[in-house]
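Across the two complexes that follow, subunit A remains constant while its partner is subunit B and subsequently subunit C.
Then we have the complex of A and B:
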């Protein structure tokens, strides 16, 4: 009897096992087309880029050079290691600041003190590694990363804030809001190459350009806009140097285009997010005597945080990959002050035909984007309120 | 019924096997398409017995030109239409039944990028336009057909008279010493950097001729910046000269100052030659004194010239038509072209893309060559030059264009300057040296004119070093 039961169980188990395999196979079969497409057009090019980056690859494939193209960027692996240790310490500082020694009586104060020390050490190491890298590595590529960072920091917050504000306004009962929604969205759907040409003319260095006429109404002298390689702060008389000097006026002109182009998209996404906030929440707050600002600060912003998180993430990735409008709007006069990492890689690839070097730079950019996305996810995800 | 199935299967398999065995069968059906060969062959047969020592047999005699080839070009609007007409005529009249498909593949740089990405692949266009430096870059991958193998061919090549008819400098320009004197292209047209000037304005300023020397140029340009043209239209500021940041401008001014930017004897850039330093110092001085400014928008100098707010512009002679129309639509004054102001003999920067053939199969290469031969033949050249306002590349064509010269005196003036022609380097990597974001020539030019305190010599020294490094990197990959 017992034997029979065991045999039955065996048959059942085998049957389940078979069923399981069949289900698994069917599942794999369903995802196969998508996998093939992603593999051929996504994973394979990345893998092939990594392969190319290990060769002295010009117009023709040259000899295997192992990590030489990467060393050209970093100067040495030691420099990269110093930077990575610096980044590690910065992450550790955040953890120490927020979570360490919480069981002790004066734990918070100790944690903050220690966190500050670790933060300083991390920052110091990062800067040291970066400076060594700039000295012995590819200074042009590293500069392009700084330009990219300026571009990201100068556009993403503005796009998010303006998008949210515009969405909030358009969400109110105002006449013709549908037309405004469409108008704000238009820059996003218009081909960037075309609109960038219009911005080229607006930000021309002619005395009679639209931008110069506009600032002329406020009594300001004409500026060179897209042709100005000097940092904007220096033009204002604030003579900072290096990274602190900030972006050039030429890059700011390009940033204005970026903001103009993406605000409409953010507005539409925020509007969708606003539509998901229950009206009762606002009504309850109103009954409790909350002002418009209170409601915006305590209801709208927290409940929009998933949308804000999504848009920030996408926008940061987008700015690191931005290309078309920067390519169209750049001028030789602006020099390297507007050359972002993606443009630098393009020039290396298509003008210098240094495919090995260009792919190594592209892989580094890819890893930076991946790292930043991960960091952003870690830093912001616990601030996102899903209701 | 069932028993017929195996029989049917056997018959089917047998038919397939027989079909496979019969693969030679298409030969007779293909033969007619190759018909010209047998008919031509007997005619050529006596040749070896007649004069074996005098005229070697064609090495292409056994090759049948391909029927369909693709031609990538960058011409738009009226030029594209003219080119299409030429191609259509070739397609309709050529005796080999070749059909050329002209494809507008983008600008020069777009074509360069695209071709680079498909070198030595079957996707390569059979014929494509390219500057000498671009073709030299393609040849790093040994991807371009050497026309030396066909140009002297008794059956398909160019006769000695035909070859002599080409303007020697143009004809030689596509022979690459870097690649053992391979001919990697043939020029169908050329243009030249000239100085456009507003004659009416010059007269108002008290001059009766354009400037011949840099000093005269400076004097006139500075005077123009202070004394606007009476017929000026619009509110743009008057200026003597507008510089478009472009390596060809640096080359043109260096040539005018009696120097060069490349030494072909040593295969080294000379971007810091005394003439280059002198030329850029001269330009920097013009900016410093407020006599010159930068071109701020695409073709902005043409617009300003047409509106009478710009006295001198330097640009390609292929823009003659455009200058003609902007002046007509703008301030409507008397204008013409002249050589760039020079220190010794005039020296004019001549450039233009040639047409190359991709290394593919002998059939496709031969078909491509036959089209290029037609494209550069005198009658076609005359049509092409008149429609495009490029210069023709053959001397005999000028005679056919007497009427056109009379109708377009500026074109004639420019044509007469061809004898002073000089060329920019046709070496791989020149596109990168020219710059845009990588401290190339363009960036350095912008830096020099932007800041009058910049040390021209030091900047050009640095630039030259970088340029030679890029060149060395590129040349290192040439297959030995």
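Then we have the complex of A and C:
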């Protein structure tokens, strides 16, 4: 009797074991086709890029040069070190500002003073390192990073704010909501090359171009738009120099395209996010006599913050990836003022055939994206409310 | 007495409120319409210009006097769209077929099967969404030329495979389908298993028929992605054989030169398939991205 049951159990266990292996194998088999393609074309190339960046690689592989391609970017490792220490101090300053000396009576005062000092030191080091890099390293690539930064700062906040405002309005009782949503989303789904070709003509330097006619209504003289390498602020008569001069008018034309094509995406996602906020929350607030603005500030904004965070991240990464529309809208006369990092790397590779240099630049760009994503996560995680 | 006084007071207040209410609504609609005009105007302007004569594009008119429909025929012929249109269609179809195959299987496995290392694999998949093309582009270019690992048939430059195979799987589609498949009730699987079905049969006979919405979303994104592809085809096609629509339009920008009416006609042509697909399925489209956007 007893023996029989153990034998039975044994068979059962073996059977289960067999089933389990079968289940596991099915799992692996099912993901295999997708994994192969994603691995070969998405993951393996990262490792191979690092490998390539260590060689003097033209169209064919040359000799091993170790860190030479990276030195060409930074000038020297010392410059990079100065910048990294600067960044480290900036992070430390934030920590000191918020957390240090809390136990002391005048702690907060001391912490803020010290934080400010550390902040200045960090900023100073960062700028020093950057200037040295620009002098002895690859000024063109560094400039492309600044152009990318302008592009990101000029588009991401505008896209987020406009998207949120339109979504919030659409979320009220609006007749034709579906139609508005469909129209807003249109620029996002249509091919970027096609719409960029249209914007090419809208922002042409002709006196009769649409952009010039539009500013003509306000009595302004025609501008050169996509063909204008001068910073926009200089055109307004504000003669700032260097980084503070800001983006060129050509880059601003491209930014306007970027905002136009991306706001609809944010609107749709925000709208879905608003739909997830329970209606009772608003009703309760209304009974308590909260105004529309109070409700927006104290209910909508916090409950929407995970969506805002996600969209900011996506948009930020997107600016580093942006290629098609910039490639289509750029002009020779705008020169490097519109060349973002992704275009710079593409030109190095496609036009100059310097594969080794281009991969080194791509790896640096990738590390910057990782760093910024990480920083954004840290900075915003305090402020994101996950219910 | 007191009651009526109160009633009158509150009625007056309500009336006041109503004026404010309508004023507020009017402002909201004004903003929405202004937004719509800004989003739509470039399209209107493109279509309007595409129907003008060369003279009209230079003068300050908004609409053509007589629509020049033959511009479309001229643009189609001059830009050699017959070849490019066919290429893009075939590329889109191949990509979609491959992508649906890989992502349905992987989405199912991640959503419904327990196997070792599942989370690690899934994380690896998702990580690819953050990687900029700049990093993968150059090795992939060498890969396609058969310079890293030998490919079947040697170099894939100027072939159909170079334009389709790398896009036959992506993390986004796997993620989207996984989300949906994971929600299929467990009871259905238990019932199917009692009937002797394995995972593959359950997937094909039970899960797929109820998953039309997410599959449509994947399909639509694959279609727009393939149709809009520009950077990669620019690299891997040097001859006309497999050049797609967007490269055709890009080349046409320099060929058309000052003839903006023809260029805009070409632009409209490249847009039509996307618009048709979008207007038919826009609900699934917007819903699809909304769900992935929120859960991503």
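Everything below uses one rule, namely that the second predicted complex is superposed on the first by the 349 of 387 C-alpha atoms of A that agree within 3 Å, B and C clash if a C-alpha of one lies under 4 Å from a C-alpha of the other, contacts with A are read in each partner's own complex, and residues count from 1 in each chain.
In this section, contacts are C-beta pairs under 8 Å (C-beta built on N, C-alpha and C of every residue); 3 or more make two chains touch, one makes a residue touch a chain.
Everything numeric in this text was worked out from a predicted model, so none of it was measured.
Peer 1: Sticking to the clash and touch definitions up top, decide whether subunit B and subunit C on subunit A clash or fit.
Peer 2: They clash: once the shared chain is superposed, the two partners overlap in space.
Peer 1: Check whether A:21 is in contact with subunit B, with subunit C, with both or with neither, and answer first, second, both or neither.
Peer 2: After superposing on A, A:21 lies clear of both subunit B and subunit C.
Peer 1: I'd like to know which partner A:52 touches here: subunit B for first, subunit C for second, both or neither.
Peer 2: In the superposition, A:52 contacts subunit C only.
Peer 1: In the overlay, answer first, second, both or neither for which of subunit B and subunit C A:330 touches.
Peer 2: first
Peer 1: Touch test for A:109: subunit B only (first), subunit C only (second), both, or neither?
Peer 2: neither
Peer 1: Mind working out whether A:260 is in touch with subunit B, subunit C, both or neither, as first, second, both or neither?
Peer 2: Only subunit C; A:260 stays clear of subunit B.
Peer 1: After lining up the shared chain so the two structures overlap, which partner does A:44 touch, if you call subunit B first and subunit C second: first, second, both or neither?
Peer 2: Only subunit C is touched by A:44; subunit B is not.
Peer 1: Pick one for A:194: touches subunit B only (first), subunit C only (second), both, or neither.
Peer 2: After superposition on chain A, A:194 lies in contact with subunit C alone.
Peer 1: Once chain A of both complexes is superposed, is A:183 in touch with subunit B (first), subunit C (second), both, or neither?
Peer 2: Only subunit C is touched by A:183; subunit B is not.
Peer 1: Looking at subunit A, does subunit B or subunit C touch a larger number of its residues?
Peer 2: The partner that reaches more residues of subunit A in the superposed model: C.
Peer 1: In the overlay, answer first, second, both or neither for which of subunit B and subunit C A:358 touches.
Peer 2: second
Peer 1: With both structures aligned on chain A, tell me which stretch of subunit B collides with subunit C: 9-17, 117-125, 207-215 or 387-395.
Peer 2: Clashes with subunit C appear only in stretch 117-125.
Peer 1: Across the two complexes, what residues of subunit A are contacted by subunit B and by subunit C?
Peer 2: Common interface on subunit A, subunit B vs subunit C: 200-201, 208, 350.
Peer 1: Could you please specify the touching residues of subunit C with respect to subunit A in the complex?
Peer 2: 28-29, 31-32, 35-36, 38-40, 42-43, 45-46, 49, 58-60, 101-103, 105-106, 108-110, 113-116, 118, 121, 124-125, 127-128, 130-143, 148, 165-166, 168-171, 174, 198-200, 224, 227-228, 230-231, 234-235, 246, 249-250, 253, 260, 263-264, 267, 270-271, 274-275, 278-279, 282, 285-286, 289-291, 293-294, 296
Peer 1: Can you list the residues on subunit A that touch subunit C in the complex?
Peer 2: For subunit A paired with subunit C, touching residues are 23-24, 26-28, 30-31, 33-38, 40-46, 48-49, 52, 165-166, 169-170, 172, 174, 180-187, 189-195, 197-202, 208, 210, 213, 260, 263-265, 268-269, 271-273, 276, 307, 310-311, 317, 320-321, 323-324, 327-328, 341-342, 345-346, 349-350, 355, 358-359, 361-363, 365-366, 369-370, 373.
Peer 1: Considering the complex alone, what residue numbers of subunit A touch subunit B?
Peer 2: Going through subunit A, the ones touching subunit B are 58-60, 62, 140, 200-201, 204-209, 227, 229, 330-333, 335-336, 338-339, 343-344, 347, 350-354.
Peer 1: Enumerate the contact residues on subunit B facing subunit A in the complex.
Peer 2: Going by the criterion above, the answer is residues 112-113, 116, 119, 137-138, 140-142, 235-237, 245, 294, 296-298, 300, 428-429, 431-432, 435-439, 442-443, 445-447, 450, 470, 473-474, 477, 479.
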